[in-house]
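Order of writing sets the labels: A, B, C, D, E and F. Residues in every chain begin at 1.
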Amino acid sequence: MSISPYKPPITPLIVKESYLNMLRKGVRPDNRDLKTPRLIEIKTGVVEKAEGSALVKLGDTQVMAGVKIDVGSPFKDTPDQGVLMVHAEFVPLASPLFEPGPPDENAIELARVVDRSLREVNAVDLQSLVIRRGEKVWTVWVDLYVLDHNGNLYDASMLAAMAALLDSRLPDYEELETGEIVVKKGVKGDPLKINTRVVTVTVAKIGDYLVVDPSLEEEAISDVRLVIAFDEKGRIVGMQKTGAGGLSFDEVDRAVEVAREASVVYFKALEESLGRAGG
Amino acid sequence: MSISPYKPPITPLIVKESYLNMLRKGVRPDNRDLKTPRLIEIKTGVVEKAEGSALVKLGDTQVMAGVKIDVGSPFKDTPDQGVLMVHAEFVPLASPLFEPGPPDENAIELARVVDRSLREVNAVDLQSLVIRRGEKVWTVWVDLYVLDHNGNLYDASMLAAMAALLDSRLPDYEELETGEIVVKKGVKGDPLKINTRVVTVTVAKIGDYLVVDPSLEEEAISDVRLVIAFDEKGRIVGMQKTGAGGLSFDEVDRAVEVAREASVVYFKALEESLGRAGG
Amino acid sequence: MSISPYKPPITPLIVKESYLNMLRKGVRPDNRDLKTPRLIEIKTGVVEKAEGSALVKLGDTQVMAGVKIDVGSPFKDTPDQGVLMVHAEFVPLASPLFEPGPPDENAIELARVVDRSLREVNAVDLQSLVIRRGEKVWTVWVDLYVLDHNGNLYDASMLAAMAALLDSRLPDYEELETGEIVVKKGVKGDPLKINTRVVTVTVAKIGDYLVVDPSLEEEAISDVRLVIAFDEKGRIVGMQKTGAGGLSFDEVDRAVEVAREASVVYFKALEESLGRAGG
Amino acid sequence: MVVKRPEGLVLVSPEGLRHDGRRPEDLRPVKMEVGVFKNADGSALVEYGKTRVVAAVYGPREPLQRFPLLPDKATLRVRYHMAPFSTEERKSPAPSRREVELSKVIREALEPIVLSEEYPRTVIDIFLEVLQADGGTRTAAVTAASLALADAGVPIRALVGGVAVGKVDGVLVVDIDETEDMYGEADMPVAAAPDIGLITLLQLNGVLSREEFNRALDMALTAITRIVELEKRTLRSGYVEAGGEE
Amino acid sequence: MVVKRPEGLVLVSPEGLRHDGRRPEDLRPVKMEVGVFKNADGSALVEYGKTRVVAAVYGPREPLQRFPLLPDKATLRVRYHMAPFSTEERKSPAPSRREVELSKVIREALEPIVLSEEYPRTVIDIFLEVLQADGGTRTAAVTAASLALADAGVPIRALVGGVAVGKVDGVLVVDIDETEDMYGEADMPVAAAPDIGLITLLQLNGVLSREEFNRALDMALTAITRIVELEKRTLRSGYVEAGGEE
Amino acid sequence: MVVKRPEGLVLVSPEGLRHDGRRPEDLRPVKMEVGVFKNADGSALVEYGKTRVVAAVYGPREPLQRFPLLPDKATLRVRYHMAPFSTEERKSPAPSRREVELSKVIREALEPIVLSEEYPRTVIDIFLEVLQADGGTRTAAVTAASLALADAGVPIRALVGGVAVGKVDGVLVVDIDETEDMYGEADMPVAAAPDIGLITLLQLNGVLSREEFNRALDMALTAITRIVELEKRTLRSGYVEAGGEE
């Protein structure tokens, strides 16, 4: 059951008014214009025990992603593909409003949007994850761990997932005569095959304005956000309206436009993080 | 832990008194006499994707039953029998008093009473459900879905279960050389083998009166009901006292008597629904 | 999440004061000195259907332990060992403060301390539980059932676990040609192989005093307890500080000393219970 | 469900004796004891043969965790629960669907006899633990609850007792054990308060003709009358053992 | 994810017809009915082809169990749930992650149209049950919720309706069914209130170019306009069936 | 439990050095940092070698969901939790029995040092996340909690620190890592507040003689004294790295 949230961080009307006054002049409290994401910092290899990992800071928002790769069984209807699982935890560490417990609808929605955006373009080459057709495949777990929630968990989580996947190496293994697959602990094998990179760009509607990469304060006075996933060619590979409001056709169109521009910034940050890791 | 219910739909004492006055004259608010069930409407084949289904209206009470049949493993101590599972959901749609969540004690009790009434007479011929002895059998899931609760869920649910089972066809399948059983989606095979039909008749005690097929209002002023299952030969094949009251030996005896009479009405309604389905 | 307990059975300060006055004279309300456990009663074979069982009374505290032994699979990293599982239930029968539900942190902590104390010395000879290496082993379930909580569940539970294990016999079984293991119901085979006996001794700190085997009232005015496990040779084979307080190095040292003395009393009670069972 | 009977198992001998030597109308050896726990306000142990159940009653009291109480009477809370080691195969301690149903059925067997009107806005907790299960656990549990309620001083209309009647190889038999339940044709658990002529629990799993049903119910009520007599003796002396023969 | 298409399955024929004979812009046969349940304050049945969803609305009311209510408006509670027998393989009745997400997405599709400011400190419950799933269940659920809200007399800004547009073998098609969803390239569920020009649900699973996306959204809004017209007719006459052709 | 040691693994060399080159009394390289998160009232990162734990403190505050608060002091709520990617095999995010126990043990290690009497009817939340586990996670967590409490300005009696002493191939060694824990004979986690001479966490898994136990406890207290010194430096400068050698 989904329930209208009780305690959205409430911002008095007057704050919203003064905020809209700023937007009218084309700036935001943190001096950004409406189309520019916050400062992006991507660090990979932050969990040596994981097959891949990344810590992303998007402004003050921090999300860690860890990739674990285990031997598993394929799904019955896709015997020639590995398995990709995306899971998100909003641990109570990250916000005064998060509580311990199983993932709530927000965490589930986030994980499923990231999952679909990766899956629809086969970003992780699932065909390359077959060990023995129909029997043994690699299962790739992407765990998103929100450490500090200061707005726009979508874009930060997608960046973290993507960077961690790009950082990942399959485990090395041996096949016993019995057919059993024995993973060699701590020995890393080939890089995980990534077919294309994907980012999401979140656009929040505040009053009549559309702002990219909303901060926590901006999310508080916005009642609808559009999360748009792009691949490297600029194609739309996923979308999710989230929040209790609505959008006009025209607003959707404008949101896609500004989001596509911002996606370039995210792709560039991803690319730079790889450079550093390789260096 | 079972807890005295907090909010039984409370009927003021005066309502009960005036109701008892009616009973004294042998009639009920909906013009029935004490021994007659409400109008029965049975429609089968209402869920094309299920192996069998039925929608039962008993007065304003609506219960849907769906039968799904999958390949499964037999229980260890009955390698030569298929598996029958009965499950009931009181979805919140059906009553202002139902809440989302796993089945509560009322839903569990209902499912178990229906299950035992079917099981004790081997109504579904479990021996006919063996695909490969000790290894592969058909598992028959009967899911009872209460859509509108206006009293006497027992009789309506049992009718729905029975009608859905009578409507059911085993899936067609192929056995691969590897021994795997592949179900052919959408292709229906033989009818499910039913050994005997079963109905339950619920008798509620109100004051000193026994009434058959109680409505929601009648359940509210009754504190004990006796649910009695019969097979087509009129044998008693199950019984459950439910509710916080008690019965004398004599009351039990009279309840069995009126229930047996009413069971004929239910069997007739079942028979007629089959005629229609076949026509 | 662990939460400071809301309703410890609160003892007014004045009770604590008068209690400390007694301790100063070296006696306790039940006439024990500080180092002596309460009366111990151990009865084995109390559940004929279990592979082993015991009921322990330690003063008014009653704990039952039942041992069930089933055929199972070994853990992957220990193919040549059986499996030992310890589980504790604080059923609501046992205390006005226990509530129905899955084991809380206290029950889990108790089970895990008992488990580790047994495991670390291989008290149950796990190597002797292999039926077919890497495939079939005996799984030994020790279920601790607290029936009446009047203080010091640790020592009573450990005694019950140990006595029940000493009372246990492996089931007799047959190996079919198919390799399947069929347990012969009701037929008991060899005694479970026990390498060494273990007891725990709980020492509570009240004011500056250390008392052995605290009663419920003593636990209420103590904020820290040290549970120390010993094997028959007097070696320390486990330890757990429990409760919200702290201890000095010197207090730990004294606690170990008095505990070791009391362990002899527990071992003697265990030995006597065996004599009786054999008689 | 038809479970294949082990070879050589005879449930009713040509002489009319049951697999454990009892006659059809015999109870198993019965043991009852009250005051078996210190913490509980009332407690009892009941054995029907190898079936062993303990009961504890707390209350009338305020519940530990606030929840909506009834304004006109005490709220009964009943938990029927089986110890993991009570059954042939280890039972998971999480409540099964069967335990959920039986907790309700037992609560509803006790509601008619507890004078709950005397304690509005309170809770009476009745906790039942099956320590060993060999058939008839729910009826032994009702008997144990009856004793524990009386032991706790909770005002009741009458004592209640329970027994299961079965049909085994065509013969109606009293107080069936697990073997008779498993391989028999019908199992009918009954609880009643004979002093006020009230049947408070009645279930039937299996097939009976109208005549068999009436006869079975009659046998149950006779046995329950004897059980309630034993309850009374137990409440006087604290402890009773009986061979079970009538 | 790529699921291998069964041999012989043609999703779009050379003539531009879909596997069930529809043209790209055709809806499946639509059926709508209100007042289908007695207990609920408002209720509706909606069918898009074999997809069948029922909705019930309770409220504005006090919730059964106390929980913190909003001081300035009604709290919406929405549950999207699938019957175990609604899918190819039996679905466990416990809510799946998918159901949790869709309950939220549907709630957020309804929040903009319900005048919840009029009922502070109350709850409006909207329960959606998928009785048969053949693609487009969430959008049919939005349509059913819209009807049930109106049937319950809950004040709303405008009726809302939903439909999924897909891309199948390179062709954009309206109201995709399960087969088209499974073997197609994109699935875009949309809900909107055409009378106030508001898109209230928008998801995309799959790959679309910028131009395709705009075209798909356009097709969705056209279809939704028709669906909302059918809703209006249903609210007048209680029941409507339509071929779905435009 | 005896897990077979991989061939060639030498835990203590003839020269008395450990498998990673440390001497028995050496800590692993230690890293501490405070103020690592913006939202939390206090936060810290602690690394013991590859073991990496973050802590956040919220409070004293009112809890989000009402629950019975203590009238005479603050309620401590402590959650020790492992990230799914922190371990060799992916850990399910649902709290394990181990995590339940450790949350309690860590809470009870902090209760004696927090001046909770100063904030009755409030909650102090301490959330601990293990980001990488290589032995000693609970003791690193106590250290991180101590730093985060101080960083949050929660009044405390004294700083507390933790370390695990182990017995490996017969030798007592400080700050054991996962390998030493797995193939060693004993693991004894200890937490203490050296400034007030109080041991607040003490567990032992394994076998020790009386003399070994006292020596091990002594080694732990010496190491903890050094750890608490590093905590103090960290609180002054925000960040500290240390080789771990004494």
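Just so we're on the same page, a residue touches a chain if its C-beta (ideal position, glycine included) is under 8 Å from a C-beta of that chain, and two chains touch if they have at least 3 such contacts.
Worth saying up front: this structure is predicted, and the values here are computed from it rather than measured.
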Least step count from chain A to chain C, where 1 means the two chains touch: 2
Touching chain B and also chain E, the following chains: none
Contact-richer chain pair [B-D vs C-D]: B-D
Chain whose Cα centroid lies at the greatest distance from that of chain A: D
Chain located farthest away, centre of chain B as origin (C-alpha): F
Centroid spacing, where centroids are CA-atom means, of chain E and chain F in whole angstrom: 51
Between chain C and chain F, centroid-to-centroid distance (C-alpha), Å: 27
Overlap residues in chain C, where contacts from two or more other chains coincide: 1, 100
Shared-contact residues (touching 2 or more other chains) in chain E: 79
Ring path (origin chain B; first step to chain E): B, E, A, F, C, D
Footprint of chain A on chain E - complex, ascending: 1-3, 68, 70, 73-79, 97-98, 100-101, 103-108, 111-112, 116, 186, 188, 192-193, 197-210, 213-214, 217-218, 221
Touching residues (chain side chain C, partner chain D) in the complex: 7, 46-50, 53, 60, 62, 64, 66-68, 70, 87, 89, 91-97, 99-100, 102-103, 141, 143, 145, 147-150, 185
Touch list for chain E against partner chain B, complex: 37-40, 43, 50, 52, 54-56, 58, 61, 64-65, 79, 81, 83-90, 93-94, 125, 127, 129, 131-134
Complex contacts: residues of chain A adjacent to chain E: 1-4, 6, 77-78, 81, 105-106, 108-109, 111-112, 116, 119-122, 126, 226, 231, 234-249, 252-253, 256, 260
